[in-house]
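For reference, chains read A, B and C in written order, and residue numbers begin at 1 within each chain.
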Amino acid sequence: GGRIRVATADKKFDAAIRARLHMDYGFFNGGKNFTTDATDGFQVRRAFLGVAGKVYTDWTYEFTANFADNRGGGAQIQAANIGYTGIPGWTLVAGVMQPKFTLDDSTSSNDIAFMERAPIGNIVVGIGGSDSRTAIGVTNRGTSHFVAAYVTGNSTNTAGTFDDQVNLLGRAAYSFWSANEGSAGIGVSGVLQTSPQAAARPVAAGTATTTIAFGDRPGVRIGGNRTSLTSTGAINQIDSAYAYGADLGMNFKSFWAAAEYYNFGAEYSDLTATGARQTRPDPEFSGYYVSAGYILTGERRSYNVGEWRGVSPSWPVGQNGIGAWEVAARYSQVDLIDRDAGINGTGTGKETNWTLGVNWYVNPAIRFMLNHVISKTERPNGQDVELDITAARMQFQF
Amino acid sequence: GGRIRVATADKKFDAAIRARLHMDYGFFNGGKNFTTDATDGFQVRRAFLGVAGKVYTDWTYEFTANFADNRGGGAQIQAANIGYTGIPGWTLVAGVMQPKFTLDDSTSSNDIAFMERAPIGNIVVGIGGSDSRTAIGVTNRGTSHFVAAYVTGNSTNTAGTFDDQVNLLGRAAYSFWSANEGSAGIGVSGVLQTSPQAAARPVAAGTATTTIAFGDRPGVRIGGNRTSLTSTGAINQIDSAYAYGADLGMNFKSFWAAAEYYNFGAEYSDLTATGARQTRPDPEFSGYYVSAGYILTGERRSYNVGEWRGVSPSWPVGQNGIGAWEVAARYSQVDLIDRDAGINGTGTGKETNWTLGVNWYVNPAIRFMLNHVISKTERPNGQDVELDITAARMQFQF
Amino acid sequence: GGRIRVATADKKFDAAIRARLHMDYGFFNGGKNFTTDATDGFQVRRAFLGVAGKVYTDWTYEFTANFADNRGGGAQIQAANIGYTGIPGWTLVAGVMQPKFTLDDSTSSNDIAFMERAPIGNIVVGIGGSDSRTAIGVTNRGTSHFVAAYVTGNSTNTAGTFDDQVNLLGRAAYSFWSANEGSAGIGVSGVLQTSPQAAARPVAAGTATTTIAFGDRPGVRIGGNRTSLTSTGAINQIDSAYAYGADLGMNFKSFWAAAEYYNFGAEYSDLTATGARQTRPDPEFSGYYVSAGYILTGERRSYNVGEWRGVSPSWPVGQNGIGAWEVAARYSQVDLIDRDAGINGTGTGKETNWTLGVNWYVNPAIRFMLNHVISKTERPNGQDVELDITAARMQFQF
């Protein structure tokens, strides 16, 4: 795909320049109770530039910066890690990375079927995974299984004054069917944040604050946080946070389907911030999505033991073809209300989104996406919110 | 010029690493009424690093980051776009780019004759063009004509809370003379900002603020904004902004000359910010420059249908030569006072600059520039300001 | 080492992509009077990506960005300079660079024996050298001598409102012994800051403030400034600052040793900030370190006329070897108390650090480091502070 790649004749070394550009345009149609002026316009969603390769046969490296920043902030490390692959099937990796965690997040953003991953996944990986995460990990991959385990700290774009978070992440996937016509499998993922981010130190029970918040936006990132319809807000004075759940994926020829379900929450400390004994039960939430799609031009989105392989057009535009065309739909829900635990403020809610998408794969380097999101949020106070979003992406990668 | 470029044998793919370093040193001699301590010293004016090339024959890409930041801010996207060139003469382009707009701004910063473009051009392109601009555009180029049209949004380094700007840009150029001895042509450029930046939403007339400001510095960027002698300040409660004008360029052997003139302004809303009916006429301003130069060593600065080709030394230093030497002068004026429209505050004025320059092209990759700027600003209150600037640039590019 | 390097057949041009990743993990054990919660965790210490090479035989260039930023700030220029090498032995260089200054700082961060250079060196180079420094310089290198002189301004990550600093730096080194078994030499370095950073202008004596501060952290950068145990704080109303000292380096086969000693200080203006006559003597301080090491596997850390060459493993891991293993120790001291000059506040002190290190050179591209620092600070008020630090580094470069 136009990649600058060089390798030595003995194949002990290779290096490639990598680039990824995702540029979005979108606009918002507020419905019931949505009075904010959500920001219509362009957004550079991802702008990666870097190098990746291997040295001395067994050592891999990846070094990528992300320049996407059209709402302020500056360039950041997207990935900067080295790996050891000297033991067949195993990879040891350390540095800044995106851990393999959940089905959706294990798939490259170049290859996901919708412009954004489902909110439930973003919330779960945000606890201790996601991109730009400092981590040490180990993975093992076979023809029908994949397992991964990581210890992670903060992400590199987290300006922390206090000790890094400590998170334990694990994922396992098993492919129970694989044939010429397609493949299918299940996966489980779990994260335990044993040491949450602290807002002050020392964290004596009842005197200071450890905190986490759960929330996501309904489908596109244009317009900053103004479209964040659902968030628990800060859940303070916690000892730990966690998530666990399962995923299913399958493709049969050009048809594919996927689903993921997760429980997540936090455990309160014994004492509240005022020093009183904590009497509320621990907050727990859940969410899920189901999605399916079809490639009209005959190519496949292949399920590959816990992750997806992207669609590559058989006949690129200009090479006697019209590229590949895919249609897809997703229904997702995340419920961020827990009345017993006291998480039922005016900003939270139960959000359901329908996402309809069309993807055009011009050639292996270029893709255009069109998404329409119909989002409804049930608020604890009954002031439900509706928002429609139409957005498009221009994608280039090598 | 030392560029890392790779291409496939079938010429369907190529890729090159691009770098550009412009490093300035300058100092200021305040004259009449200039009492500020303008910052003498070094400045990294441009520090670009990126890749550019083509994939699948007809698709171009450009991905460049700018690391220049010696006064705070961080690295940003300079350009990140893809283009389709499958129709001969035509280019469709989308992403982050520098639209072809005005004669001076259509010329690469590697090739401009002075360290900075003239203030009138910077003001005009700032409305909806300039570098790092999110845009979609189309251009057509023939042997004697060039036309371009764009729809643009914010620039990527604009942290906006509200809807992106919407700007319509157009440019046309025609070369009426082309011969062995040189070339000459005219151009016209126009921009209409149909949706200005908003400082609050909703923009109900009389209740909130849309805004634009016009201004530039006299010739160098060292010292941040402390040398910004002329600015309209914020012009609020506007419906639109615009600029239009014409340019002339010609070279005869080693002599070249250029001129540009632009009108620009804004249209007030019906109501002022206090809700009263707007009674003032709409603000309108103008500016121009004329410039000329001569390459002492016989090379040429060639006019090329609406833009300039840079000077490339015939005998680089160390290759039996002394490089190429160019002398150039520019007179520029911009009048940012409109008393009828109420734009006559103490910070605005009518600024005229003489810029004298000597350029040394050591080889195709390296250039040194020396500029002296004599700047005079007539203030509405009669407190005229004088400022002399001496600055030098070290330039490296491939 | 896996570097992407291309060159033309006539060797007039070459270019290489350069990368450097230093990722640290560390934790702190507070001792006597150290009650701060120093931030345990990961830190990306250096993340460099760039290009370097030469054009037209005699001109070199270097362009490197640093993306390390896990505590906020953004990517910055690490180096961006061009050099002229047309006169044998001489190099003229201009742009953003790390001047050759002191023995430790003349050695690449890829090759230093401990995770961090000694505090005394960091303080001294901080006056007018260090990385990301705007500068013009000249160096001359022979088989047994090296001399360098620079005029420097601010570093690019200094957001200054006023005139740049002006610093004069010089360094000379002489190798008095060189044989098959090893090499030894001495060096001297000196810096004079003739124009300090100003906090306001004009700096009329007694009315405004020029300022400098001296301080460093005991051995690792994890945890931001929370482990900065010793600092003079701002020394205000100064005319100049300076440092000068000497260094010794030697290696005999696999054993090596080094020492550096510096005096540094500032000269007060005639009047204090309140306009009174300055009666205190000028502040002056000093510091030093001695270090030694041994490579257990037989490789060498070679002294090379004023700088160190790094260790390259003879038998990389996976190539019938266990890599190279080095043990090293350093004792360093810096005394930032000057009672006569009024620099004896509660934050300053006399800091001594023992640093013990083990380095594992897996192959020429990968190194792991383990450091243990035992730090003691004698405060002017007798409230001495103890702090132990254990830290590790994963290093990758090409």
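To be clear about the criterion, contacts are C-beta pairs under 8 Å (C-beta built on N, C-alpha and C of every residue); 3 or more make two chains touch, one makes a residue touch a chain.
Note that the structure is a prediction, hence the values are computed from the model and not measured.
A complete topology is adopted by the chain contact network, contact being made between every pair of chains.
Put simply, subunit A has to spin 120° for its C-alpha atoms to lie on subunit B, with the angle rounded to a multiple of 5. Interface note: subunit B and subunit C, two copies of one sequence, contact each other through mostly non-matching residue numbers (shared numbers fall below half of all numbers used).
Look at where the CA atoms of subunit B average out and do the same for subunit C: the two points lie 39 Å apart. Across the assembly, subunit A contributes 17, 65, 73-75 as residues in contact with two or more other chains. Put simply, subunit B touches subunit C in their complex at residues 1-4, 17, 19, 21, 23, 37, 39-42, 44, 47, 49, 65, 67-75, 224, 226, 316-319, 362-363, 365-366, 394, 396, 398.
Listed in rising order, the residues of subunit A touching subunit C in the complex are 6, 13, 15, 17, 50-51, 53-59, 61, 63, 65, 73-77, 80, 82, 86, 94-96, 134, 153-154, 156-164, 201-202.
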